[in-house]
């Protein structure tokens, strides 16, 4: 009986635990309370942050949710489990972050915490992309339960101990989510997952996926700019992301066609690789000061992303046994690494104190002459160490998680029902008919 | 001939009447006119309100419109009549509200009036959800013609005579729209409406519906916060709604699976009950000051909403003859009542003057010591009276409207064509083929 | 071989040229750079402009992209080529505009340039609507390559030499794009384009198109208000557009039904003509000061747009050989002309110095008493000259472009594959089956 009710029991217990922990430790920040001072309100910058928060919110729930509806028989799960998993992770992430910032036995919640909880859920949803179609709802929850604290503590170390600048989260969100998911997929690999007849799209599910893709594309500038510290940096981050994306999109189409023997575009590239420019410029969105640099970063990202889909994903699947349903390695993994490396390159070849003027110490606090006063090269090393830590921790924790998820004690998806809604959702009468067409 | 041209003639006459009334009585507020003073502009708070207005606008037209596309043969009507009905109601609501606030023979229009007109259209679109598939376009218009003034005058009485706090409109928008719709459905009930072969979804129409659902979910914080009087209250309303929704979503999945004998989720619950948390926290979105209260409200809402779909909707339909196409009772009705009761409970168990500090008199103007100076318990009674008035007026006026709508003088939907586009829209050649699949 | 690789080679060369030109001439404006002064930041008005920019961004990529998915076999192309073409045009438009505003050998980029690049891409996407289904990806790029500089230089002349007020771009964006597209379609006309079996929708592609349509409808107020110079004018432009759209929508439904012999609505009208109110009020969105004027403009636009679809589109196609796939003449062309004529009428019948108070010289700089000091009638003539210039230049340049596009040196779409994705996109197995249904 416990076997049958695993999802209900586990999730209910977790949700009740959340109630208790929020009751005991959570409270609203003063900027959201009746005794808010004008300074509190200004610090919360509700007016300028709220639209960027909502843009990010659209990316999480419409963007990720619909991008994953491309599978012909897994649309209900894609958009629904995305909603469930994000709702679960948002609470869990607020608690974890809260425990890392307790003051007088409480952590505080304001608009910023809602936004960073959305960011944290992005990590999990990226990993979900690699595991898409292979887990039961309960296993997705379990994955988030394990991954969220590791991701947030790692980010905390990277940002606060190594003072890494990662304004758009390309290292801490995209790389972490992608490599965790890939390692998890490796540990969870079973033969029937590969070449499964359910894996594929129909004409209309590819169009559903474009709803998610295009909204991600549109609002990515907000994602990369939202937590930049100063207004000019936010505007620059918006412009850099915008330019990176347009160049990335053009290159995606060029490479997609060039690598196809029938000179046709592939919707997988259009829906995913066009977004790689948003990832690749993320870490440096507040640092790049030349428009053409943003264009070049985007162009490079689109190119490697399509090449990834064409060459690296099959290699990972066939040779290394890493099955990556959505190709998160090409959208989040490699472009995330690229972003980290670009941040190193810009520090080694440029001079942040010149390029960023007085704001250099806001972007790179360890370089502040009143503080640690490290050199640009030392900051470059820090950035590289950040990339390395995230890569290492995500792969190890992802692999362990995949191993835990395949334990027999959990209900597993049946071999014939990978990438299919039927076992977990009530489906209308046409489900078999329309989604089996090929 | 008049019979055939009913829609054209009636709607054209109404639209011409609108032109005349707007010409005679309407003018722009000074904040939207060239002689605006800095004070006018600050009062209109364009910069902070406009994004919340646009979020609400998305909810009305994409949210409601696509949520109702789940019916397999009624997608054209759902999204199109939603657009028409809202466009009609927006004008009608502006006029009614205008006549309640005439000054020197004119009423004024600024951004706030656009927003409250959107709110008013939400009332009608909720009622439309209960009647979905049963009315002709003309009858929908007729319903709005009758319902809009009743809803707005009732709201006026509740807010201005009983000084009810209902910042997110759970009482005046959601409850009113739902119970009006249910009473209307009762009076309009005809046997062929129940168990109709057209009533049901297909795989892709359920996914279309999720576009509406997820956008409603994302932007609900703006709906509940937009008209809160102070900036900290708006931030709190956003956070309360956000937290209520995530807990509601988790509970929806738990209860949906737990109540199903095959342990499957039901897309009707996923698309609707996950939103009940937005309704249930609406009335008190500016009042709740503990994050875990918001979580608990949301969890309760998700739970009762799913139970409603499983048990109460069938009971209403089979025993009471109230056929509720979209289940608005579960998404808007009961959660709206819950929100009203929570507002009573918080007043009876707490102390608003402590919790809300100096802002208590903005939230509860009747409690202002310079004014009526009523007690918290008296305010609780007022809140309860507000719920009662809305329930009474909505049921009575809805029932009368349903009776009027079934009069033979109006063109009625044919029995075989309930929940179907074919009689009112030109349909492509595949309409019968793809939407008859079961 | 060059023939096969036309797209790759041409687009790659253009993108590399863009890199070089951006590197040599482009830089960020000071408001997006670390040395931004408070004055710079205020001038860029990031907080108030960014939400309107993002609304416009949604219109360009979701709005236009999904509105064009109505064709049953052309959905991949519609949303994908829309994304590609806009990404290309955004860069190209920034460069052209940049060269018109070089200072010290550089042009600057801030949020405003991102927004005006979006506007410029709207011009091209409107022309794409007329040519939809007839061009190969490379030909669409070629069209933008030719059209963008002509459109921007023409706009520059109209705005800066004739001081035309066109705040919502109805003349310079909508009219230009539409008449360029129509002339291009005329020059490109081939017999098999008319009455093609691929031209038509399916039930679900019409619903996909409504996603685009409704988002355009929702965010149009931002499009018309974004670049208005003063805050009260922006609020007025929002309200005028909002009112114009609701009246337009009601009239669209009335006329669509009235003109149909079976008294059915046509989804082509619902998806397109409801938007004509946004176009028709565009030029005068900051000038109209009476709410009912906005309602009347919208009502007129909806009426002529539906009549256009019913009577003028068939006439253009059958008698003049102008095949307009999306009917851009009815959504952008005639309503754009109407907007220009309304601007003339308002100047001839009103007194801007009274209606617009001290802001008249911001709206009509040529009327400034400290400057050219022209009369309202002279300004009316200027507005009319602006309409005339745009009409003339767009038709001539569109015709020449259409002629160039049909040259044999370019790969042409095969006669059987007009309005079909199959030659340019990898398509899933159900493509033929589901999209050939009629």
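All chains are identified by letter, namely A, B and C, in their written order; residue positions are counted from 1 within each chain.
Definition applied: a contact is a pair of C-beta atoms (placed from the backbone, for glycine too) under 8 Å apart; a residue touches a chain by one contact, two chains touch by 3 or more.
Quick caveat: nothing in here was measured; it's all calculated off a predicted structure.
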| item | value |
| --- | --- |
| Equivalent interface positions on chain A and chain C, same or different at half | different |
| Angular offset of chain A relative to chain B [C-alpha, multiple of 5 degrees] | 120 |
| Length of the line joining the C-alpha centres of chain A and chain C, rounded to whole Å | 34 |
| Two or more partner chains touched - positions in chain A | 47, 51, 204, 211 |
| Chain A-touching residues of chain C, taken from the complex the two chains share | 4-5, 7-8, 11-12, 15, 18-19, 22-23, 26-28, 31-36, 40-41, 44, 46-47, 50-51, 54, 57-58, 61-62, 65-66, 69, 75-76, 79-80, 83-84, 86-88, 90-91, 109-111, 114, 137, 204, 208, 211, 423-431, 433-435 |
| Interface residues, chain C side, partner chain B - complex | 47-48, 51-52, 55, 72, 200-204, 206-207, 210-211, 214-215, 217-219, 222, 231-236, 238-239, 242-243, 245-247, 249-251, 253-254, 257-258, 260, 262-267, 270, 274, 289-292, 295-296, 299, 355-360, 437-438 |
